[in-house]
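Next, two complexes with chain A in common: one pairs it with chain B, the other with chain C.
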Partner chain A sequence: MPDTPAPAWARTALRIRWPLFVALVCLLPFALSDVWVQMLVFVGLFIVLGLGLNVVVGFAGLLDLGYVAFFAAGAYTMGLLTSPGSPIDSGLNFWLILPLGVLIASGVGLLLGLPVLPLRGDYLAIVTLGFGEIIRLFLINRDDLTRGSQGLSAIPRPELFGYRIDSFTAWFYFVIAAAVLVGFCTARLRDSRIGRAWEAIREDEDVAAAMGVNTTKYKLLAFATGAAIGGLGGVIYASFIGFISPAAFSLQVSIDVLAIVIIGGMGSTPGVILGSLILIGIPRILQFRETGDFLARLEWLRDGLNGLIGAVDAAAPGSIGRLPPAETWGAQLADDTRFIIFGALLVMVMVLRPSGLWPSTRRRLEFAHEESAPPAPVTAA
Partner chain B sequence: MSLALTLSVSFWSDQFVNGLTTGSLYALIALGYTMVYGVLKMINFAHGEVFMLGSFAGYGALVAMGGNDLSGPVIALAILGAIIVAMAASVSASVVIERLAYRPLRNAPRLAPLISAIGVSIFLQYLVLEQTSARAKFYPDIFPRGSVAAGPFEITYIQLFLIASSVAMMAVLYAIIQRTRLGRAIRAVAENPTNASLMGVDVNRTIVFVFILGAAMAGVAGVLYGLFFQTIRGSMGFIPGIKAFTAAVLGGIGSIPGAMAGGYALGLAETVGRELLNELPGINLGNQWRDVIAFTLLVAILIFRPTGIFAQRSTTRA
Partner chain C sequence: MTPAELVVDGLGMQFEGLTALADVTLRVPAGEIHGLIGPNGAGKTTFFNCLTGFYRPTSGAIYLTGQRIDGLPPHVITGLGVARTFQNIRLFANMTVLENVLVGEHQHIAVGGTDILSTRRPVYPTAIERLLILRGFPRAAVNGVIEIAGAIVRPPRVRAAEAAAVARARDLLAAVGLRGRENDLARNLPYGDQRRLEIARALATRPSLLLLDEPTAGMNPQEAGAMVSLIRRIRDEFATTVILIEHQMRVVMGVCENITVLDYGRKIAEGPPAAIQRNPTVIEAYLGTRAIQGGGHAAP
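Right after this comes the complex of A and B.
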């Protein structure tokens, strides 16, 4: 497609867009209160996880519904080796356990990857789902090792150059550093020979194999890479929260991370960031007191709506309840309705915008290709 | 291994009957998975929730008809009514789901309908959880108590009812598939949708009927589950759903007799199989391991024999 060359300033902006974005993000703690920074730590953690699953699902096209297994592997490595309640508490340093947790998680990834190699599509999804559940049930039932549902507590926090990573702000920078590292590595992988092999497998495994791609090797590599990143997320999570129990490693985590990848746009790094902000950030923001204070100004709307309800109710008395105070709306939405919206969102994105909210450029062209419309102008992705 | 089992005959026959009971439920639900997979090559992830909706509808119907106050022969009518209401609810939910969440994605990449199905499943599960304030509901305890003995087996009335009505439902379904025009259309679409449509089969309509039949079975299973286990809740669909899927895979997904056989095989594996494992030295698996057994079985079958243990002809791997 003959494009007019972009002006020089636009090209420069395009080149430095990521450093610029990260620099801006790093300024955030100066402007925000603690609860907001805490929320962003979670968003950042899920960006890390999303980027990891993105390798498996987005790059290599392997639908993994048991991603939580690797997250749990990392978290339990950390927990078992450092929690005073654990039978194998070693008191090892965080920075030694971090690579160990990543290693163990990628080992678990290979362990899962090897037997499922011949499976494709939805069979793969179900096996990985089963695998994730087995890990969770194992954590509950082997309580001699993991203390079962009681969990492992008092997991110590890391120190860096004599400085304890303790405050939310410190954790924020730590998680951002992890996300940048992971984002950089996965982007480089995507653009490498390995990334092209993954893409070939994603598009058509048989054709890829026929063209000389060693599908076994590259599929295993995708699993191991994704698992390693999941393990990293787990180590960070365990250390940040300080307490882990099997309840935190349910299928819900796998689905959350998958939804981040899907809703954001498979294979797209900005998509993962956007997805994490929407799915992890917004439900937390809705519960903030500030949000409640803000919503309290909508009391007039509540009165109006309750008036309307009253009018309807007069016709069929007692059929409908009144709306609760406006300031509680956000919290109620986040608590009860979050998953309902979440489920509906998954369906809607699939039906209306199957390439996600912020698809990778190539994916967007792929999806646009089906209609004969000219491809959308290429923008930053 | 010596066959000198440490436990009594009645213990084993109890385990066997329990296995048949849960196996019947798995088989009924598995039919929905296997039929949809047969025609669409898609895992209907929301099927467990269709089962759950049926169970709640049946509960609502029973309570509306008098709940625990029911007595005498009216109970039979009430249960029949509850089953019909449950079937209607499951069927309508399933038809709406197919229309809104699956049909628009018929030609999309394979992951799309699966993710959409996961979305529907989450949506329905939490919708019901919210409506019930995440509390469990309890089916009216109206089913007559007592049991019949047949040789070493002692079967309670409710178990007998559950097994018998499942078998009856499956017989009806099997007759529909094998003997009617609609059944022939379903088999044709499962074989090859394009060719079927060339032969004048309305593919879309046939697919809707597949969803209807599967949902009807799930609705019945929902009421039977409620009558037997009494406690129902919004999240109840997940585990039976995944186990029924295991059963469908066990019997060779896409095969209707396979789903029935797979259901019973899984039910027995969880009860008799687990106790047999416990007979081995050094193994003691409590009841909480039964889900692990089912999941392990699922993973093992998918890996080693993805066409199912009863598969006759080889089908392409997923």
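Right after this comes the complex of A and C.
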């Protein structure tokens, strides 16, 4: 099929779409209140984590359920070296600890990568899952070093050109800068020899080796790269929150990040952004006071529903509870029912849009041609 | 590339109780097109898997132009000049045609940091070495970091290497008749084109020995004829030795200079096509005594 060249304006738009998007995002703090900006800092942080896991899962096809380990490695590097409560508080500058945290996290990535290299698919997922838990338990049990579940507090905030990154707005720009940097790096990696090697491994590891790809080396590189980005996220997180404890590094974080990647669309940068907005942003928005105030207007709906429940209860006496005040609905939804909604969303995406909400161009092709392809001569063994 | 000479000495491959190959000895001179035939399950593909490092043979030795290669990991063997295609086409189905060939060029894209081709490794490294990949690990790590940095920064050197690789890939695709399909997904190519793409991808590794596993399987006589001339052209233009596993006797007899016959993992005959056709042992192995002479499909 002949490719008709796109008109000049379309090509320009395509070229500047990312700078344009980032520029628009940078205007957001001017339009939003602090709670919104704070929410966006978390969204941005999870975009960074999502982009990192995307390298491992989306590019190289290695299912990693222990991603939180690298996040924790970065965060504890920051915490241990700067928290006054830490036995090895060094008072080092944030900008020195940042690369150190990234380095240590990628070291942890290699540590995980070495023993799991021969494993594939489900087995890999289970071992990485265990690894994530081991790190968390290590942080709890080595309380002589990490102060256990008490955690490390008063982690200082970074300064840049004499300006302390303190306000939510400053953090917002800092996190956006990190996300842009990571997004740029991962996109460059994807479109390189490394990216092709990863993709070949994802497609068929044996054949990749037969084409001269040192699969061991490239799988390790994928683990280390993903881990380094997770570590970056961890350093930023620790400094932003100012307090870390093992409870913050539960399996839930790994699952959140993985869900972001899968729901957004594996291997896709816009997908990670969208997934992060939905899975991290919406639960936080639901907990806003403003949301509660808004929902309070639904009190009539609650009255009506409670009346209905009352009628049912009267007809068949039992112990059906009544709905709580409407203004708490959002918070309840975000808290109690969040995982049910997560799960439902995950299942729905897998059924309705198996390539994710915003798949990469390639993935879109893969799934689009699934049915229209000629009688499947390709056998991916 | 100069074509390689292959010497296989007493090769055996044992899978817990099943002998897939037993004492196979074979010499393929440089530049020859050599046929490997035998009934289903005779061990032909197992033989290829041993040559390419997919399996570690349980006995015997394999020499590529004098260098022992058995027991080396697949990517190292590929780097030394052995390339292959697969019986059941195994393309990177969700990558484009061009990208498939670029993966084949992997070791020939100089992006900074030379790849570890630890060819000086003992042929049978110890279990611990295999497990930890300790040999060359620091160098591999340094190379990895250099490659990542190069991919992100994309200095002129990397851009040039990448552009040259793309140009070579396009040439290769043109050589096998796939010009204009560069940006199609491999899975969307028609069957015959997929076979040709597999060959282009194998050629991209710059082989001195090319192993083709049933290159004409599922093709009609006309397509098979085109494949035969392609194989001849490849041998001449790309200067490789070629070994092909083939069931279509017309193809085998037409293109091969010498033929080895395997049956139950043993070599039962070797020689030029005319001699093989008359060999009573071979005819017996194939059961259908007329099948070979008929020039049709020999396999049951």
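Everything below uses one rule, namely that the second predicted complex is superposed on the first by the 363 of 381 C-alpha atoms of A that agree within 3 Å, B and C clash if a C-alpha of one lies under 4 Å from a C-alpha of the other, contacts with A are read in each partner's own complex, and residues count from 1 in each chain.
Simple rule for what comes next: a residue touches a chain if its C-beta (ideal position, glycine included) is under 8 Å from a C-beta of that chain, and two chains touch if they have at least 3 such contacts.
Predicted model only: the values in this text are computed from it and were never measured.
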First, second, both or neither for A:206, with chain B first and chain C second: second
Partner chain(s) touched by A:126 [first = chain B, second = chain C, both, neither]: first
First (chain B), second (chain C), both or neither touched by A:188: second
First, second, both or neither for A:33, with chain B first and chain C second: neither
Sites on chain A touched by chain C in the complex: 3, 114, 184-185, 188-189, 192-197, 199-200, 203-204, 206-217, 220-221, 224-225, 362, 365-366, 369, 373-374, 376-381
Chain B residues within the chain A interface of the complex: 42-43, 100-101, 104-105, 108-116, 118-127, 130, 238, 242, 245, 249, 286, 288-289, 291-292, 295-296, 298-299, 302-303, 306, 317-318
Chain C residues within the chain A interface of the complex: 52-54, 73-75, 78-79, 83-84, 86, 88-95, 99, 102-104, 106-107, 109, 111, 115-116, 132-133, 140, 144, 147-148, 150-152, 154, 158, 162, 183, 185-188, 190-191, 194, 201, 204-205
List of chain A residues in touch with chain B within their complex: 57, 61, 63, 115-116, 118-127, 129-131, 133-134, 137-138, 140-141, 251, 255, 258, 262, 336-340, 342-348, 350-351, 354
